[in-house]
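Here it is, the structure, as structure tokens.
Naming follows writing order (A, B, C, D, E and F), and every chain is counted from residue 1.
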């Protein structure tokens, strides 16, 4: 049997080799080597394909979202400003128990039928994450990433997360 | 008065460790070896977070003791058939390091360390350039070609696998695989010596890799500049750990524990909603486990395990494994460069051996030597973290092929 | 070449998880459910510190695996009769999550989490207004009326108790009770699904409670302002945990473990002399336990446990339990308001379900909606922390009434 | 048997219900529900009474103490000042809990008997805590509530606590 | 309605802890003792990091409970013969504090605490003036002369050793020795009472030592000023832990576990290359172990163990042990002063009892009283840390002489 | 048998005393007391001797080193300055990954046959540890000793350590 016939090795190795077996014969040695390396490469190659694919998909989604955003921004330009203003104090808190939060929620509460105003929110999110990014860097130096870089959409989701900063 | 003192001293000798030392002079040698590794860890900076506990554990378990109840570690326990009665013996009669070593033997520590590593790893560069996965795969050639060499040297399957995994350049993975494969195996190898070799060579990456890199690449290749990577979105970073775990578990189920915990840590981090847990996983939990793992793994390096030819073979094959892994990574990177029409700097291939983040820094350094304006670090981080996944997959393959 | 690759792939299929997936298609469904909960945890912010580990644990344990030694969690182990040999099997043959789940099964984690919660809880508002205890008691009506409903649906006593405790709005308590009651019980329920439901509904408190609150209270009642609370002295705060532990242990001894650890944590905090220990109890220790508990409890959600009618019942009864608890709290608060001649804002009653500190914030919010100058938070914190004690007492009652 | 006769349920439930029993009969279901809720309410009601009682007692104690204090202050006005001065640095640390009240205690601690030399010791303590205090303050900022807001009465109690900051 | 309430209350009484309390009135006494120690810990600042957990553990284990499954700690378990079945019983049927106490019984916690102490100890003053070792040795006279006294009071060998070790003024060592010696011994003593006495007297060092110091030294001696110590080099500090471990293990192998872990912690610290691990060893790990150790050791103080003559003997012999240790240290310091021609201030001798760093502060304080410009602190730290090593060696001697 | 005959006790105690034995006879009691105290004193006395010895040895090494240093300093005065200058930034880093380090390495690289230029290095080390000493104190107050007070000699050792500050 030629040592490079991978498939044969595979069949041979199906039952596994006894750990105490010594010495191994050439077919077993080459089998483990070639099949092993083959499996690793195949597994990681599949990951290459999948991650490339996901990258494309997310790119597409982002692109669509940005277009929508732009359209929405054009429509609702006057509304965007005040929300930003109110949202700001939420980011400024250095501590974990912001009693200012409820105010923000009542403001963003009208944003109930999620999809239409998503552009406004994501603009806020963008502003937030810019500030938040800074926080994050500083915090991670100090001790830990207590800041939540991710940002939920609905009012109570925010509240939920906030609760868990202190919790349980 | 002097007579009495003399009597006391002679009596002390009989019951003390001095008698034990006289009976087993090899322990003195082992202690000296442990001092050597302490020196390497402290003065030379060889992976001190692990080599210092490992070497001190080695020192503690080679202290002479006449009575079994005084021993901090009982090497003999770990060659016995294991049962629930044996567990009780370890817990009740064992020394502290025996008890701590249970966490290694029961495969708990390496998985928890992978959890911590996951919370500290940024897979961004790998997501941005998924082809890096291939370099992380190729560099595992070091593992499998070393298996080949060890096989032809007449070693048993368990020994071949345990030595080969050193080429993965990944400490916890080496400990995970070797403690499983050598469990009950009739071998003069043990987890401690595998770990010693693995961490020593990981520390030696800056010595081992550069010559091979310069040998296998041309000046022109080393000067290739690579374009800046895109920044993956948060969503991609969160989806990534799930996808990788799923694929690995589908293809190589025996790698699922390691990869799963790595990715659990990573999703905790990338989600951004569990900062408390991330902090603890990468600090308190990881450090506690590192202390316990290091000192107890080191304790398994007793005279009968180390002072023999097998350890020399481990050292020789270990460095071969590292070198081959580096060469395989470089080789594939050269092929990718050729296929892409000169857009891939082959230096990033050597980072595929893992040894995060040292191997990536070496790539950066060598690139900067060829052209000081060349900045390869982020491009090398891709293969580097892919190497961690690759090693875990290779570990899974070894564990499923060799029956333990 | 292609033929060989095809052979490899077909060979891989036989030994890989793909075959496992084909054999058990429900695993795919389970993984999708785990993704849903990951989404809820990460994007919607549903109690992410627990739902993220739980959902990832669920994902890990539903990964397909052909061979038992590759499985990260063995659901089958946990239906077997338990003995010391079984313990050895779990430790030696089990996956990582089996080993971590021992801490749940042996009732260790929930008590340690209660220790941490104790170090983070300020009982000041409850000491300042002890009548809040009654609201914390009334809200446990959710637990017992759900027991009633489950009982009439033909469930076994253990199942009734496990589902009812979800109404306590207290994760560790739910896990503590259900892991005890369902231990060895012939049931398709399990701790994982109970925990999933409990944490999901805790996250949904801001959705579940407000409509009930508005339904059960008049605008005028919601506008009632309550006077500022006195500040209890340090001595009172130190005496409080001792008194509560003593009384609860005297009346409901089976609640002593939970309440005792809660109060141990609290006295460590209030004493002000053990800052080191408080810091660790509420950070490192609590987070380590949370990670272990979350991921291993999640692992118990396997297809046979979740993809059945019982889980649907859990979900339905769970939301009923929460709603009833809210209603009971509001009801008693209305009575107290009536008895006090209009001095108690009934909105603070709903905070008695615990879900600290979310339920108290909802009370504050609803009060502020009725009158923006109304500040109910501290008044609602009293029933809120009383609810934690109340749930633990209710847990004790269930554990002493149902033989497990 | 009428389901609302709690006492009967209690007797029934004394032996407990088998966890696997299914279905439960009405008496058992109602028993658990009513008795369970009853026990919870009774237990917590007892706590209401006790905590109210303790509140009253502590109020009384505080009141008495304040009166004594006022009297003592009137008596020992000249002596109080220097001691306060020495004690002050100990209190100044930016702890999380208001620690001014204990200061008064140390003062009114009627400086029991040991202690003609207490002034000397507390001077030493002051010197020590000045050095120690600096370190200390930095520590508490960095990490956690290491500071002890509570303050013992005797000189060596303070020393005891201090020992435990570094310890063991 | 009232009748029903009365029935309920009477029913409650039967099944509740009140009945348990009526059956065992001594529990009430024990709870009062636990309150006394809580008071000492919180208000008087007696070693609160340990006495507060110990006293709360004592409180928890003396709560009345009728049914064994409601008990948080089962004192009866710990007098049974131990086997692997017994281990399962503790894990499965035991309360939380039983499970935590396993870490004491299996000798794990004290060693881990010594690891933490090692990372916090600076042996610099001892290296600068190695003669301090002798003072640390002499102060162990308290241990051995107390053994003498206990022996002549008719106690068993295990009891003598357990009480004597209190004189070491070292909590973890006392717990380590007494939990080993009293394991299975037919004694009314237990680890909890030994620990209570040890920590109480450690807290009382500032009361016990000064009178003895003033009695045994002249004003002139107390005024002796000592020259500033040299600063040992980094290398010396790194070599020191290795040398001490080696010598102690050679001479008294049974002390190797304690001293080895102490020195492991110290080399981690002094090496300067393992900051992560040092941080965790002295914070998270040490605090977790302290909580578990404290509360579970306290739980062993049940009525049958404490409310007897033996505890009174422990208290009396304990204070004698401390006083004798102080006197022995002072005595040798006086001799050293005499031999050196008046260059050694005898006050530093009392610091040899360990009780780090309190005893050294007392020396400083007494010296400053005699002459306010006298600064003895660093000179007293040498004997002080030597006392820790001395106590561990003495513990080793006791463990090797008394068969347990 | 006279209780003070240590050697006899030792022989007696060789087999150990049964833990449950009660009462102990005088010989056993005195045996444990005297032999125990003796062993402790002897063990610690041996440590005195050894540590004194080591102290002397290290002193000698240091002395020799200083002499060499002085000689080397006289010889290579111009070379010393730049090394110091380059090494300085390594100490100033507040973060854990200094990319300036390689520069230092190339500078100190010629220092290959270790012994001859050890004086220069140790001078640098001295300067480093002076600064480092300060860092150290402050750091330990803040959270942990992440700073590495010790300094390796070869180029890659530095890199190795650096890696492990962040790792794994």
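As a working rule, a contact is a pair of C-beta atoms (placed from the backbone, for glycine too) under 8 Å apart; a residue touches a chain by one contact, two chains touch by 3 or more.
Bear in mind the structure is a predicted one, so any value in this text is a computation, not a measurement.
Trainee: Trace the shortest chain of touching neighbours from chain B to chain C and give its length in steps.
Mentor: Between chain B and chain C, the shortest chain-hopping route counts 1.
Trainee: Based on CA centres, what chain would you say lies at the far end from chain B?
Mentor: Between chain B and every other chain, the largest centroid distance is to D.
Trainee: Taking mean CA positions as centres, which chain lies farthest from chain E?
Mentor: Max centre-to-centre separation from chain E belongs to A.
Trainee: Chain C-chain E contact: same residues or different, taking over half shared as same?
Mentor: Homomeric contact, different residues on each side for the most part.
Trainee: So how far apart, in whole Å, are chain D and chain F when each is placed at the average of its C-alpha atoms?
Mentor: Those two chain centres are 45 Å apart.
Trainee: Measuring centre to centre with CA averages, how many angstrom lie between chain A and chain B?
Mentor: 28
Trainee: Report the inter-chain centroid distance for chain C and chain E in whole angstrom, where each centroid is the mean of the CA atoms.
Mentor: Averaging C-alpha atoms per chain gives centres 39 Å apart.
Trainee: Enumerate the residues of chain B that touch no fewer than two other chains.
Mentor: In chain B, residues 12, 15, 42, 45, 48-49, 84, 87, 251-252, 271-273, 276, 279, 283-284, 400 touch at least two other chains, as defined above.
Trainee: Return the residues of chain F touching two or more other chains; collapse runs of consecutive numbers into ranges.
Mentor: Residue numbers touching two or more other chains: 35, 39, 42, 143, 148, 150, 161, 164.
Trainee: Quick check: in the complex, which residue numbers of chain F touch chain E?
Mentor: Listed in rising order, the residues are 13, 16-24, 28-30, 32-37, 39-48, 50-52, 54-55, 58, 62, 129, 143-150, 161, 164-165.
Trainee: Contact residues on chain C for chain B in the complex?
Mentor: Residues in contact with chain B: 12, 15-18, 20-21, 31, 35, 38, 41-42, 45, 48-49, 52-53, 56, 59-60, 63-67, 69-72, 84-85, 87-88, 91-92, 95-96, 99, 283-284, 287-288, 290-291, 295.
Trainee: Quick check: in the complex, which residue numbers of chain E touch chain B?
Mentor: 82-84, 87, 106-108, 111, 115, 238, 242, 245-246, 249-254, 256-257, 260-261, 264, 267-268, 271-274, 276-277, 279-281, 283-285, 400
Trainee: Once bound in the complex, which stretches of chain E touch chain F?
Mentor: 126-127, 130-131, 133-134, 136-138, 140-141, 143-145, 147-148, 151-152, 154-161, 181, 185-187, 232-236, 239-240, 243-244, 247-248, 251-252, 269, 271-273, 275-276, 278-279, 386, 389-390, 393-394, 397-398, 400-404
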